[in-house]
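This is the structure I have questions about; it appears just below.
Per-chain numbering from 1; labels A, B, C and D assigned in written order.
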Amino acid sequence: MDVLRNKARDLLAQGQVQVVIGYEAGTSGARRPSFARSEADAARLMWDADCVGNLAGYLTRPEIKKMGKAAIVANAATLRALLQLTAEHQLAEGAVLALVVTEEGAVLELSNAQAVTEQVATLPSSLSAADREKLERLMALSREERRAFWEQELQRCVKCYACRSSCPMCYCGSCTMDCNRPQWVPVASHELGNLEYHTVRAMHLAGRCVQCGECGRACPVGIPIHLLTCYAEESVRRQFGQPAGTSATLNYALGNFRPDDQESFIR
Amino acid sequence: MADDVFEPKITAFVCNWCTYAGADLTGTSRLKYQSNVRIIRLPCTGRVDFMLIQKAFARGSDGVIVSGCHPNDCHYTSGNYHARRRWMVFNDLMEFMGLDMRRITFSWVSAAEGAKWATLVNEVTDHLRELGPYTEYQRLLNAGVA
Amino acid sequence: MTSTFKLSASALETLFAALSTGGWRILGPTETDGRVEVREVKNPSQVASQYLQSTLSAKEVAFPKVERLLSYKMTPGQVELQDHDPELQPTVLFGARPCEAAGFGVLDKVFNWDSRDKLFSARLRQLTVIGLSCTQADDACFCTSVGGGPGSTRGSDLLLTPLPKGGYLAEVLTAKGEALQALVPAVFEPAEGVDKEALLAKVEPVFDRAELTAKLPGLFASELWAEQSLRCLGCGACAFVCPTCACFDIQEEADTKQGQRLRLWDSCGLRQFTLHASGHNPRNVQAERWRQRVYHKFSYFPQRFGEAMCVGCGKCTRACPVDMNLKEHLTQASGA
Amino acid sequence: MSRLGVFVCHCGENIGATVDVTEVAERCKHMSGVAHAEDYKYLCSNPGQNKIKQAIQEHQLDGVVVAACSPRMHEPTFRRAVSDAGLNAYMCEVANLREHCSWVHQKADSTTEKAVDLVRLQVEKVKRNKPLDTIQVPITRSALVIGGGIAGIQAALDIADSGHKVILVERSPALGGHMAQLSETFPTLDCSQCILTPRMVDVSRHPNITLLTYSEVEHVDGFIGNFKVAIRKRARMIDEELCTGCGECLQKCPTKNVIDSFNEGLSMRRAIYVPFAQAVPNIPVIDTEHCRRYQKKKCDRCAKACPTKAIKFDQKDEILNVEVGAIVVATGYQVMSTDRFPEYGYGTYPDVITGLQFERYASASGPTQGVIKRPSDGKEPETVVFLACSGSRDAAKGVKYCSKICCMYTAKHAMLLKHKNHNAKAYVFYMDIRAAGKNYDEFVRRAIEEDGVKYIRGRVSRIYEEDGKLIVKGADTLLGGEPVQIKADMVVLASAALPNHGQGELAQKLHVGTDPYGFVAEAHPKLRPVETTSAGIFLAGACQSPRDIPETVGQASAAAAKVTALLSRSHLAREPLVAEVNRRPAPEYSTCTGCLLCETACPYQAIGHEDIKDRNGNVLKTLAKINPGLCQGCGTCVSLCRTKAIDLHGYSNEQVFAEIMSL
């Protein structure tokens, strides 16, 4: 942890970056995002197994962009999101310095997309074992049981958009949900509005989701909505073999095709 | 239509160049099919946003048909290939969310397949009539409003 | 009019049974998979036993997240308009924490400060609140800093305080409370010499609300709000779980033949809340939106109604994905 | 509030007999936004159109729905009528009550109900229509013709004659294509070279034609009226300016054993060569794959022999970047080679040859100066068997389609054989004789009746060699399948015509569609036969499907006429039904996030990006930008866009949404 704090302090002191985005101790015992802009701030930074949040979403915020060049303390999910954001032209190549704390406690500086890409290639699958198991358990249910499950869960949604706000890939300034000419998806958080919202979100993340699970963690009422985007992404990987968050070059599965894409349902 | 027979409401999204023209050919050939379907003409299946399908159900459709040019025959060379990928994911996701995919029919109907269109519409209509109203979805329309 | 009684552990069963027989709907906190939610219950066993707070507030009972205001049908040449007049059942909200119960009073001020909000008032009229004092609290709680307390009677018609050996201390506070008592008078046993304070959780005040209110106008231009809100995601979680947040949006859902007008929860934390059709947004950055939230609750509202638009329940803090801790931030502002 | 007019057509009895048209019109009057509704017997007639025009004036209509036949039929008619009455043409929509309703359903209330629904759909749509103006695209007034066979030659000459510049690109070193290889042509038996050579010379001399032989299209960008083409001009190793075509160099080349592809492999050529004597341009090429200079790094005999020092051993490929307004694809065909036929020996019997090889033998300028010989021993064959449909109409082993030209050239071949050797025996195995065309059937009859060619209806099951003869085993299906066995000296396969090699890659570069066989697809099989699926790119000749010379020339002239029509204007008016990225006030500028996920989804490469800059040139935001000249309006990007920043004129989100909501 000291290595990280020292590194952050040095980067800030030498003016290499103007902000280090990382984690600090939160009031509830968990970790929360932290923005170190001075050497003193750097002492607040933390690194441990509880640093699970995906911080990449902050990189596309105007408030943060205004600060200047950023370094970001990056866990696996953050690294993947960095790549995907670069691929989607939201971050300029080399605009962000990723700081990765190794198991040995050393701090790696990944200054360009290639370095991040190589680091990501060494990581295990982006879908956590727990989430994979949940997906499998749901798929083992009958269609009606799955319907009942999602109906129960989604009716609890209050459309606070914590899922959207916490998602690094939901950087759109004007979401489909905000489009009112026409009003594609009802604003209301009634059952239809909720079903449509979460379907749209999952579809829009298919081929783009880095499976960090941030949306599920963010949900105040505890709906496991990340399972929807994770599933959509798994579907893309399974059918087209194009995983999101592995390359800084755009390879959007739904913006491409192969003439021999195999489906089984078109009559 | 007899009162006691359920008449499904069917919305069809078709491309202008193949299926719309194919349905025109059905007409020119004077082939008959059941009148439950309402066709919405779009330039290409590539234009079929999955949200259109969603909205059709939100409007109380009991079934939706999406149809365009066969692979390799797209007027725009590849719009249907893009559409196909999108449907492959949409289909899969809808399964995962437990939605009734028997309600959606994807098909390729060319401008020359007037007969196929008639058969398709008749089969879909009969099937939906068997399935009955899509209450599972229609229940949602006013659920959650106090 | 307070009169204090004792209820035995089994008295609730009798009360619930009488309520059911009398055609009442009973809502209470239930727990499934670790999630505490207010739902309809039939008997006390369904009520969550050890819980700090429900995630969402109970405000839904009077101010639902989606509520129909009116509907209309169009036929050739005419429009048939229909006011929404929900059939309301007399309802008991059981187990509301004192902070939540106090929330209804705040909402009432918003909805009824001049013309009375028909739907809200109708729902509130049907509502009887059985409060449940807190015997535990967590770091997010700060009721005592905003004029409340773990055993506050504000907003409750009947307040129960759990007794260490089972049963409750029951304070009948209002006419609605008396009506409950009248349903099952036998279970209300006399109580004497119970030190209620000793039974309650300890929540130390951390700031002086009146001082804060006095201070805020001077802090409007402070960097504090930008600093605090850096990590704020700009979602509506805090507002939607809040027992006092009353902002709503009105949406029309219509087609060529019919339509309905809905009232929906909204939040000043969302970018779209103040977005003008021109594209201009008077609260263009999150700092301004966060400041608005704080100022509405602790400056503008108190100036107008003499109390904070906050009951110190801490739900917002618990719901926040990035630990925007209201108590921490208010303490900071007080000390600034 | 809209003031719409709804006009419901009876189409005589076509709609009126099944749908209660009066009732539909009556119901429409009550739809919100409809100011006027009426029905009429034939709206497409002049009086019908006038009714619409009058109503627009009289009721100050701002939009029109015509409920009639398919919009694919009369949408342009009604749009013109609406436009004549002073409304924007795109403020008109057509509800399809005939093909999609009255013709396909029985007379019933439900059918009338459906008709009302179909009109309501369009009423709701047209309320959200926006007046659109045709898009004006400037045109580069020159053309590129790809392929220097008879199709390309004809197209290039016709375009050039109309006064436009043409660049003609030919992959091989000389013009002429397959036609230059042919001996005589059916049904007149005039010499192919004799009629072709003057055309080739015309091309080379035409002031409006730039001829680029030994060149290939490398890359194509742009769109109708504005193509940017990179052409690779391969190094001939000869300075074309200096070369006089004297041929001195050819004689000196020591490498003499290169398979001569112009002669279909029946002879050898040198490493420096001109494909054939009458070649245009008459400039040799050094085949560096076989030239000793390049393979063994020595030998400069040709250079020494050249009187003008035109040989440049270090010449490099050149990339020429040209801009043209139109492209004609005339890349021709190739024939299925003999090794594709297992039952005929997989190409192992030298005396089983293709029709094109036979042409070379029969040609006076061919390897045998027009004497028909057989490859194995050079003897003149006495018995020759011709197999029509070799690979054609054979879904199992060949191609499904009919190669169309084989019946005629097989008759011609048999005839030529008989003319050159009166004693020879010619047998033709055939499935059907397809001789539709001016003087075609007469020609085949002549072969049979005057020249005594034996036609046997049936297929050959096997060919094998025995004692220097080819044993051809088949069956005569007209005689009840009686086995036939012929001892032949030579067998000629009328092998299937296939898309030319490299055509798939070219189609990709051009973004034109191909059919399942790989031939270039036409925009419409009947009504737009010389246009491809890409605007501004036309096609001519056998690249579309097998065809003979008259048809090819006719089609080439047709394509040229299309090109000429296009190039005759300085600007092109295009339907404005294209996609557009929205614009919003600052600081948003657009809901587009600049993610450019749409870029790869566009089938036309119409999506690029643009920067929004402040006064000082700082980039504020990067947005996707759609080139309206390239966009064809498919809408694939629209449905992909998460922020709904892209919309499609004519099928906008609001329009489609309203249509769904009206149901």
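Observations on the structure shown:
The definition used in the following text is that a residue touches a chain if its C-beta (ideal position, glycine included) is under 8 Å from a C-beta of that chain, and two chains touch if they have at least 3 such contacts.
Remember, it's a predicted structure, so these values are computed and weren't measured experimentally.
Centrality annotation: B (chain centre taken as mean Cα position, compared with the mean over all protein Cα atoms). Of the two chain pairs examined here, A-C and C-D, the one linked by more C-beta pairs in contact is A-C.
Taking each chain's centre as the mean of its C-alpha atoms, chain A lies 32 Å from chain C. If you average the CA atoms of chain C and of chain D, the two centres end up 71 Å from each other.
Mean C-alpha positions place chain A and chain D at a centre distance of 47 Å. Centre to centre, using the average C-alpha position, chain A and chain B are separated by 34 Å. The set of chain A residues touching two or more other chains comprises 176, 184, 188-190, 193, 254-256.
The set of chain C residues that touch two or more partner chains comprises 65-66, 255, 262. In chain D, the residues touching two or more other chains are 588, 601, 640, 657, 661. Within the complex formed with chain B, the residues of chain D that make contact are 70-73, 96, 98-101, 103-106, 108-111, 113-114, 117-118, 121, 511-516, 533-534, 577, 601, 603-604, 632-636, 638-640, 648, 650-651, 656-657, 659-661, 663. The touching residues of chain B, when paired with chain A in their complex, are 50-51, 54-55, 58, 71-72, 78, 81-82, 84-101, 105-108, 120, 136, 140-145.
On the chain A side of its complex with chain D, the touching residues are 88-90, 171-176, 179, 181-182, 184, 204, 250, 252, 254-256.
Here chain B touches chain C in the complex through residues 59, 144-146, going by the rule given at the top.
Across the complex, chain A meets chain C through its residues 26-28, 30, 32-35, 53, 57-58, 62-64, 156, 158-162, 164-166, 178, 186-190, 193, 214, 217-218, 220-222.
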